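Pasting in a structure now, in structure tokens, and then I'll have a few things to ask.
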Amino acid sequence: MLTPGFLYITGALLLLLPINNKIKYIISFLITAGALIVTFYLIPGNSLQLDFLKLTLIPIKVDSISKLTGLIFAFAGLAAVIYSINICSLPNLRLIFVFIGSALTVVFSGDLFTLYVFWELMTISSSFLIIMASDFTKKTGYYYFLMHVAGSLSLLWGIFLQYSATGSLSLNAIEAGTPFFLIAIAVKLAFVGFHTWMPLVYSKAPFYVAVVLSIYTTKVGVYVMARLVSGINILAYAGLISALFGIVMALRQNQVLKLLSYSIIIQVGYMIIGISIGTAAGISGAMFHLVNHILYKTVLFMAVGVVIYTTGKDDFENLGIMRSKLPVTSIATLVAFLGIAGVPFFNGYMSKSLIKDALHEPLLKWGLDLMSFGTSLLFLKFIYYAFFKNSTMNLAKKPTISMQLGMGFLTVMMILIGIHPYLLENLTNMHVDFNYFEMKHILSGMQPFLWSILIFILFKKYVVKKYDRLLYYDMYRKMATLFVATGYQLSNYHDGKLNKYLLWATTTLIILLFLLMFNSHLLL
Amino acid sequence: MEAAVLVIISPLLTAFFLGISRLYVKKIFFPLVTGSAIIYLYLLILVITNSYPAKVYSIGDWGMLGINLMVDPFSSLFLLIIAILFLPFIIFSMKYTKFIKHDYFIFAYLMIAGISGMVLTADLFNLYVFLEVSSLSSCALSLQKKTDRGIEGTFKYLIMSTLGSFFILLATILTYYLTGTLNMAEIPLAFEDIPFKIKSTIMAFFVFGYALKIGLIPLHAWLPDAYEDSPIPYNVLSSGLVMKSALYALIRILYIMFGIDFLDESGMLTIVVFWGVITFLIAHCLAFQQSNLNRLLAYSSIAQIAYIMIGLFVGTEAGLIAGSFHILNHAIMKGALFLVVGIFNYSLTAVEIEDIKGLGYKFPIISFTFVVASLAIVGLPPFNGFMSKWLIVEAALEADFVYAAFFILVGTFLSLTYYLKVIVTLYTKTEEELLIEEPGLSLKLPTIFLGSLCIVFGIVPSLPLSLMNKIPKFLLDNGEYIRILLGG
Amino acid sequence: MIDILFYLLLLFLIITAFFMVFTKDLSNSVITLPLFGAILVIIFVILQAPGVALAAAIMTVGLTTAFFVITINKTEY
Amino acid sequence: MSRLNERFKKLYKIGLVITFAIFLFFLFYDIHNLDSDGKRYLSEHYISEGVQETGATNLVASVLYDYRAFDTLGEATVILTAATILAFLVPITKATMFGTTFKSIVNQTITLIIPFLAVLGAYLLLFGHLSPGGGFVGGVVLSVIPILLTITYSVDFSEYIFKPAQKKLVENIGAIGFVLLGLLGVFTGSNFLASGQAPFGTGSAGEVFSAGLIPYLNLMIGLKVGAGLAIIFNSLIKEK
Amino acid sequence: MEIPYVVVIILFCLGMYTIITKKNLIKIVIGFTIVESSLILLLMLVGYKPDGTAPILDKGYEIVVDPIPQALALTTIVIGGSVTAVMLAVVIKIHKRYRTLNIDEIRKLRG
């Protein structure tokens, strides 16, 4: 069976051949479009078995959730590759292909081993993408790699606990080692406390890398969470806290890319809440939100990317160029803004109201409203800079056609979903009994948006402001300092004196003799 | 089964002939070295393919009265490592060695002879003799550069390894005193009615002696010193074979002579697993501090050996398979890493991490090999190191060493910190103009060969594992080994 | 008779060994080495090992001492 | 403070060694109480059958060169390794060791002694299977000849008489000869290093031409050890 | 407990003590020689039988000492001699480079 993930990895191998630009375009287009088509025709219920050592692996297993996620991944992959094909170098394109391929394989994997292997492959390829991208990203890439490997090792440990407790690697229900799975997922989806990599990477890395990473990294975490640890109610509050934290942090940023990355944390909060409810409606709401979020967040990243590409900086001031010089970009940005703010008849609205409808606890409902309010407030700031503030910037470079093409694709899709919200349901047979255009829902969807406009107009000078003191505290760096200091002390003991070394050896001998002579199982 | 003895004899003969050729006929040097390496490879493959069922070769046709050689899957694993590493080593060294070539190759062949002797012999004293051959010639190889640091490191190595040898000899003599025989099959039979305390003390001597040569912390201090200024191709063999051959001897002695039951009863398994955990944690901490590439790789070797020890000493079938697999993988991965460092050293005399800045763009393929091998040694999928670590952790969990399994993962994280440091430096652009002597194909080819094995064994691990699946049969139950040795 | 001699030799062996280790002057301890070896050789003969005694006589007493002397000669000026 | 530290370190080391000694003492005490003499079936076999099986009256030689000849090969290799290391370490420049010149009586005596040494060495080599001695001892005695020459005359003279290259050649030939003699067993349909079991005939015990390959192996080892030790000694002398 | 074994223990531990405490390189090598001698003595004692004769059987003897330890001892002597020679050569080399025999001053390698 042909799987989209392996198609992408084959593409990466094909790109290893010595080829010229034209063939590069053809190969990339064929692979990405092919993967989309293959994903589209996957039939839920199919699976493939493989014997590997003593394990039975299921490298591909399709059901409706994974098909939905796979479709949006493949679609966004097509757009992202088209967007970045002119800008990025050939080695980076290979890495992007491996990254997308492994993300797709994670989505379709049917057992924990395959999941882990490709989860780790995602980490490796994305880290090298960051490290190789430019000279400013070396330390960031180092940080990102370590953090994600720590997360995936936690996943591995969870898998081991699960495997030794149940003896099977199937993806169904997690019985042992839930905390470790949660840590792994938390790192991937940038939960508060594990989020430190995210603003760092998305602001330092070149914009096309940020686009590709923002599509897959956190979303794979959400998908795996839906798969493995759905329905833990307490996590809904955690998601809420994470999102509120994201709002506060995002409002205090001076860089557009950092704002966008904190806003990912907010949006992921929605999905966490949806998944933690555990009902079918909640989970499908979360998955739909995943789809919508990929669409508008990618468009926003792409738009900012165009701005960065044309002006060379990513301050808020530079966004003003959009209105005057970049028509396509500004339309796409507007659509994406309305989507992310949850305005009815745009795509964010459908999934937000789905999640809200599935909630039963008043506190969470209230929190959800607060999150929507915060999000739209956040992006009003964005829009203010882009469209209402005068700017005198000039285009340094024209954006390439392929960039606009990739952005356009996603915008069209967004508008389609917004107008006809049942499109996603029909596509994957995930039916939710929900009328999107009921007055009650439209009103409750509009409320936070209108409030936020009001608040924005009233308190504009507090919101639109350059902050000098940025909150930044990183406990992982403290831990790293501890590790380095320990190593330094230890290496100081190795001062080259042979006498000392011999003394160590003799002491070891005596200890060994004591341990063995007095039969000391119990000591250790 | 004449090939078994020829595996030991042919490198010896090559070394002796090289000694003559050095003085009289210098022209035959090149054909002699390469020709005999190829013949040797053929012999090794012959022995490895015939290794199952296990075979016994009696030297001098004396049966149990004399010395026997035995080929079983565990020893053929080591022959496999020799087969994989030796020809790349020879090809690499031909170009790399700028100093006196003859001596270098004489010692290399002597060392290989000593190691294959250690691996094949089934006699305790013979093991000691071949251990001396291999460690003395290994010292000689690490001395080759004759620099201050090289000599100092060799002296430390010599002192420590001789101290270890004395303890091994003491234990060997005591074993003879107690049992009246040196044959590895008869000793366990005679050992049965020896009191517990005597046995455990003798075992402590064996463990101490070999642990000195393996380099478990805190017996490790000589090891980075010996690596720092020695010829780099030698480091490939040293970390891949010399350390491992001591490990082999330890496993042979503990599992065959003392038996798994005694190991369990005396708490040896618990001790070694705990020791291994301590070792790799400290070694990772120390490796992070190093600025010299050779030292960094040496500390990493210590840590990897600790993983192997944990795998081999959890005392289950899965653990033995996992440990053996990691022995093979570590030899390949560390070989590839050292060869890459060797190329950098050859081209621009780089030894410090700072010196290799920006080389990732100048040597794309070689640097990629480095990346692959280092990710493999860290234990990330889809490379071979991941497979063996997975198996080790699984085995440790199965045998209820949960803390060991957990700390292996912690260690994986710690090892990433310093390997990534090197990789990032490798891919950092620099403005400096580098003086580059272009490495030829004979340097690149062995490196790429080992690097590609990392990927192949990661994707198709069943290839080597089909050999290793038979190992536990001969180690876990020493009855099988004894029966074959006595019956042959 | 031979027993008493044997034990006396063992005593001397230990004394020479201790002298060899604890004397301050390096030359003294190196020159004690052949004495130590010679006592060892006699002990070997008493223990009925003539072959080993011969080898030890030449190796330990002769050559190793010579090596040590050469080393001191090379290093102490 | 540092003095106190030193004192403590020393005490600690002494404590370690004494603890180790106590361990060893208990170990030997236990072993001694065990009475394990009944188990030496291997040596009893050697003693009762060794002479017939190998044809050598010197049982040590029969163990070294027949039953456990492989050990001997390994250990000859160790000498060769050591000699090669020493030869490798020596600089090209020449240096003499002793500043003092001896009186002529010493020189005269040396020239008188050397033939005796040669005869003694040859005897020990060739009669190794009949009497104490053998390859090692004979070789060491032979190596004393160049060493004496070095000591009394000079390195130059000694190396004029026995050229380093020749010594190296002799050493390697000895080693190769040992292996080839071992392979003789393989060619005659037996195993490697077979002499007692090989169809050479062991001869009647007690005669010079008896004991199969043992005398020849003795000779090879003797050449090897002699040349090797001479190389080691001269290299050490030449070391600057 | 026989006294010779005590002698072996004393010699072995004396050698160990020399190796781990003495600062002079040559003293350390002497320590190795002492340990080696003690091991050879141990081998001889292991092989010895009361009232036995040397294992040279040109006449019929009743009790003969064990020949195996003697063969092992020969091997050990030669190996020990070789190792000592190599060590001393390296000591000379070290002295040439570092101009000292004090072990505490020979430490360019550290960390």
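Lettered A, B, C, D and E in written order, each chain numbered from 1.
Keep this in mind: a residue touches a chain if its C-beta (ideal position, glycine included) is under 8 Å from a C-beta of that chain, and two chains touch if they have at least 3 such contacts.
Given the structure is predicted, the values throughout are model-derived calculations rather than measurements.
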Every chain in contact with both chain A and chain E is listed here as B, D
Which is the least count of steps on a path of touching chains running from chain A to chain C? 2
Going by average Cα coordinates, which chain is farthest removed from chain B? A
Going by CA means, which chain is nearest the middle of everything shown? B
If we define chain centres by averaging CA atoms, which chain lands farthest from chain C? Would you check? A
Pick out whichever of the two, C-E or B-D, is joined by more C-beta pairs in contact. B-D
If you average the Cα atoms of chain C and of chain D to get two centres, how far apart are those centres in Å? 18
Indicate the whole-number Å distance between the mean C-alpha point of chain B and the mean C-alpha point of chain E. 28
Report, in whole Å, the distance between the mean C-alpha point of chain B and the mean C-alpha point of chain C. 38
Between chain A and chain D, the Cα-mean centres are separated in Å by 72
Using the touch definition from the top, which residues of chain C touch two or more other chains? 50-52, 55, 59, 63, 67, 70-71, 74
Residues of chain A touching 2+ other chains? 491, 494, 496, 498, 502-503, 506-507, 509, 513, 517
Per-residue multi-chain contacts in chain D, two or more chains: 13, 16-17, 20, 23, 40, 42-43, 46, 58, 60, 68, 71, 75, 78, 81-82, 85, 89, 132, 134, 136, 229, 232, 236, 239-240
Pairs of chains in contact (touch as defined earlier), listed by label: A-B, A-D, A-E, B-D, B-E, C-D, C-E, D-E
Could you list, by residue number, the parts of chain A that touch chain D in their complex? 503, 506-507, 509-510, 513, 517
In their shared complex, at which residues does chain E touch chain A? 16, 19-21, 23, 103-104, 106-111
What residues of chain E sit close enough to touch chain D in their complex? 1-2, 5-6, 8-10, 12-13, 16-17, 20-21, 47, 49, 54-58, 64, 66-68, 70-72, 74-75, 77-79, 81-83, 85-86, 88-90, 92-93, 96
Seen from chain E, its contact residues with chain C in the complex are 3-4, 7, 10-11, 14, 17-18, 22, 24, 26-27, 29-31, 33-34, 37, 40-41, 44-45, 47-48, 52-56, 65, 70, 73-74, 77-78, 80-81, 84-85, 88, 91-92, 95, 101
Once bound in the complex, which stretches of chain C touch chain D? 50-55, 58-59, 62-63, 66-67, 70-71, 73-74
